[in-house]
Amino acid sequence: MGSALKTQIATSTETTITVRGRDLVNELMGHVSFTGFVYFLVCHRVPTADETRVLDACLVTIAEHGLTPSSIVARLIADSVPGETQAAMAAGLLAVGSVFVGTMEGCGAILKRGVDGGDDLDAFCRDVVSDFRARREPMPGFGHPIHRPDDPRVPRLFAIATECGVNGKYVALLKRISAELDRQAGRHLTINATGAIAALLLEIGVPVEIMRGLAVVSRAGGLAGHIVEERATHSGRQIWNMVEHAIPYEEPKE
Amino acid sequence: MGSALKTQIATSTETTITVRGRDLVNELMGHVSFTGFVYFLVCHRVPTADETRVLDACLVTIAEHGLTPSSIVARLIADSVPGETQAAMAAGLLAVGSVFVGTMEGCGAILKRGVDGGDDLDAFCRDVVSDFRARREPMPGFGHPIHRPDDPRVPRLFAIATECGVNGKYVALLKRISAELDRQAGRHLTINATGAIAALLLEIGVPVEIMRGLAVVSRAGGLAGHIVEERATHSGRQIWNMVEHAIPYEEPKE
Amino acid sequence: MGSALKTQIATSTETTITVRGRDLVNELMGHVSFTGFVYFLVCHRVPTADETRVLDACLVTIAEHGLTPSSIVARLIADSVPGETQAAMAAGLLAVGSVFVGTMEGCGAILKRGVDGGDDLDAFCRDVVSDFRARREPMPGFGHPIHRPDDPRVPRLFAIATECGVNGKYVALLKRISAELDRQAGRHLTINATGAIAALLLEIGVPVEIMRGLAVVSRAGGLAGHIVEERATHSGRQIWNMVEHAIPYEEPKE
Amino acid sequence: MGSALKTQIATSTETTITVRGRDLVNELMGHVSFTGFVYFLVCHRVPTADETRVLDACLVTIAEHGLTPSSIVARLIADSVPGETQAAMAAGLLAVGSVFVGTMEGCGAILKRGVDGGDDLDAFCRDVVSDFRARREPMPGFGHPIHRPDDPRVPRLFAIATECGVNGKYVALLKRISAELDRQAGRHLTINATGAIAALLLEIGVPVEIMRGLAVVSRAGGLAGHIVEERATHSGRQIWNMVEHAIPYEEPKE
């Protein structure tokens, strides 16, 4: 029972700490950035400078969106349990789910299937788009409620990918799907930031299954900033008052 | 009610996203690392290259400790709710509390009080140490169950601080407290990683109150790596079996 | 924006508190049990004594299963963040997801579709079972790793339903599906506790969509008991040691 | 390592499930209410009918307060991660901390110290009240932002305690502290619901350390009701819009 179970992540002795075969103190601390270390933990090799720069750009892109469900939640919990920063951040991170960030995984899965499939990409794009349209579901990675006609982060992400030499098959396929979607819809729908990030993360070898995990790391950084502001402004109490007054009680009908 | 409440964190228009006064797309994405961005969100200015390197070293130091409560919890939840990576990570992050990481805040608060106080530091060190010893409480930032006589991460963190030109008053005070603690205890107790990180974060201007928040960001990176391994090894199910068999039922006495 | 939004749940004045149209102090406190109150909050009417007894039996059935992922998680977090009981319980409750309790919702959805559909129930059972078997997926509400050939809680739940006069169409359909499943599988698979509870909750009018929420309430009770034991035995620390030693480090292959 | 560790909570065989020495199926299901079962898990004996009624009243009292931080958080997470009810509820339960419910523990600890101490209770009350007043801290269990001059739930809780024959030393001491507080403050401060509940829980033998755990169970019931309303009204999206518009962006000063 569990006898064969191993971990390849970390071990330590009195004088050493080893992380995935590297000496933490002498080979990693001071030598690799946090972003590079996260890549190392998730992808199991130290990234190149270009790969690190791409991952940095992706993490910077989605860390902070102002007052969103995750940051409102973190503020309310920070106000209710003041000393326990981790509780406020954990509560906020629970919002990083299917509605907002899960689209990254959905888009990534499509791109991976298309590139790995080795099929006729014209047919692939046509089928993928018509399939979503037939089900009247939004294509993951497309559309944005505010940024129209185009999400300004997307060309920047593609430019960074080009600068870093990772502007490959996944980015190409995403653009191709975009063109096909516009054609079938008869109007322009932006590629959104989560769509572009899905493509870039695939280009640098991040598995689709852990993309949401990287979004959690990124969002944790954003929430730390909200906790700092919450401590100064005590918005949590005011948000509570505001919501309580904005949603009046109505006698239920029997 | 709330009318005067503002946020200085972020806003967006159809074509722009602004984070703390900077254009996200043109000034931040591709220009600042994720670590630099987190510093910017928490300390409200873009860090220097040296400050970024110090923060990177701190975040790399505490991201990963192998199988600890936080990673065991993340694995168990990942096994129970497979698709919801954020739930597994949030559960694990709830462990980043007073017992393990809170010592960073405790140590940081002492260092800040000593440096800001402008008092006689010899007297300060003597009083702080004797106070903890009188209460028979452990000094936050000192001692380690495995790393004896010294935590190998600490000299490395101090060396990085020196290389980056931030080896200042807080590091000096931590060393002075360490010497006084050894004198009063009559034996050597290591400065541990959380103690050294508290000093380094103070050197680069991170407020004590958000140190735990940065630990959460760091640990989120570590947990992403555990989720990847969990998906491959299914350790959660085996951990459950192991614990269930190791803790047998005993009839309660009436 | 939100102007039409109302809540029918609760309101208060200086001297009164109203919950769903009832005076909390004079009509609910001391008059309705907690189980009856939860039913009232979820189903929007005070239950009969029989309905309350059925819900009590369901909540008692799934509150406590010994050392499971949720209770192990709660113990580990309780050990890491000792004073914050709610963090330990919240972490453990995150395990009440698709793998263990979600089957209740799956089974409930099938039963509701069958009863509401008004179709030929023989055909319905045949199709549902053959559909799951064709996809090689387990039927939600059936099978148990330990309780074979039969889950002992199930006949007891059905007996309570009979005593309370709610042994109706949903229970009947569950038994019919069970017979069809045994026929198609060529062997006996037990109806499990979550399957029987799904049927009983439907009998007393609980919507499928909130069944998991009731399981969270129930499990919260179980976890409170684990926190009490954790404070006495400090199992969290020992679970950590045990897991750490049982899963040795293995050098990753480059 | 852990060899002596035992659990007294639960065990099972193919045909039986035992919880704290009782047969779950034959002795508990259908025989004990959920409230009685929670008492049994936490206090390690089946409560009397009167004790159950007192605990029911306490759980009913604090389950539901309309739109509060915990219910707003649960709604926002329910909107972001629609299928995962447990994530929404766990996030909301993280608010059951020191600010709102922790006062129950603080009040309970004072009452226990007074009753167990066997000291002169006049002196005890005088010292406890003057101590809090000297530190300018609010007395836990006293005061309420809305319910003035008196919290209407408190006399009802005391009446239920009297009806159930558990109106003993803890309730008496709470009233005595209340009189002393009014005397020293020169004005009337209400005993609040958490104060009265602390006294009642002590009367029925609930340890102070798990009172917050029972509040979590109670609140879980309340949050289940909010999830049901959230699914119908989609308030989460509107709360988000409302907060985003009410807290405008302000350019940070450099």
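Brief remarks follow.
Here the chain labels run A, B, C and D in written order, and each chain numbers its own residues starting at 1.
As a working rule, contacts are C-beta pairs under 8 Å (C-beta built on N, C-alpha and C of every residue); 3 or more make two chains touch, one makes a residue touch a chain.
Everything numeric here is computed off the predicted structure, so don't read it as measured data.
Annotation, chain A versus chain D: rotation angle of 180 degrees from the Cα superposition, expressed as a multiple of 5. Counted by C-beta pairs in contact, the busier of C-D and B-C is C-D. Chain B and chain C have Cα centroids separated by 37 Å. Between chain A and chain C the centroid-to-centroid distance comes to 32 Å (mean Cα coordinates, whole Å).
Between chain C and chain D the centroid-to-centroid distance comes to 22 Å (mean Cα coordinates, whole Å). Looking at chain A, residues 2, 5-11, 66-67, 81, 84, 86-87, 90-91, 94-97, 235, 239, 242, 246-247, 249 sit in touch with two or more other chains.
Chain D meets chain C in the complex at residues 1-2, 5-17, 19, 24-26, 28-30, 32-35, 37-38, 41-42, 52-53, 55-57, 59-61, 63-67, 71, 84-87, 89-91, 93-97, 101, 146-148, 152-153, 156-157, 159-160, 163, 207, 209-210, 212-218, 220-229, 231, 233, 235, 238-239, 241-242, 245. Contacts from chain C toward chain B in the complex involve residues 66-70, 72-73, 76-77, 79-84, 87-88, 90-91, 94-100, 235-236, 239-240, 242-244, 246-247, 249. Residues of chain B touching chain D in their complex: 2, 5-11, 18, 20-21, 44, 81, 84, 86-87, 246-252, 254.
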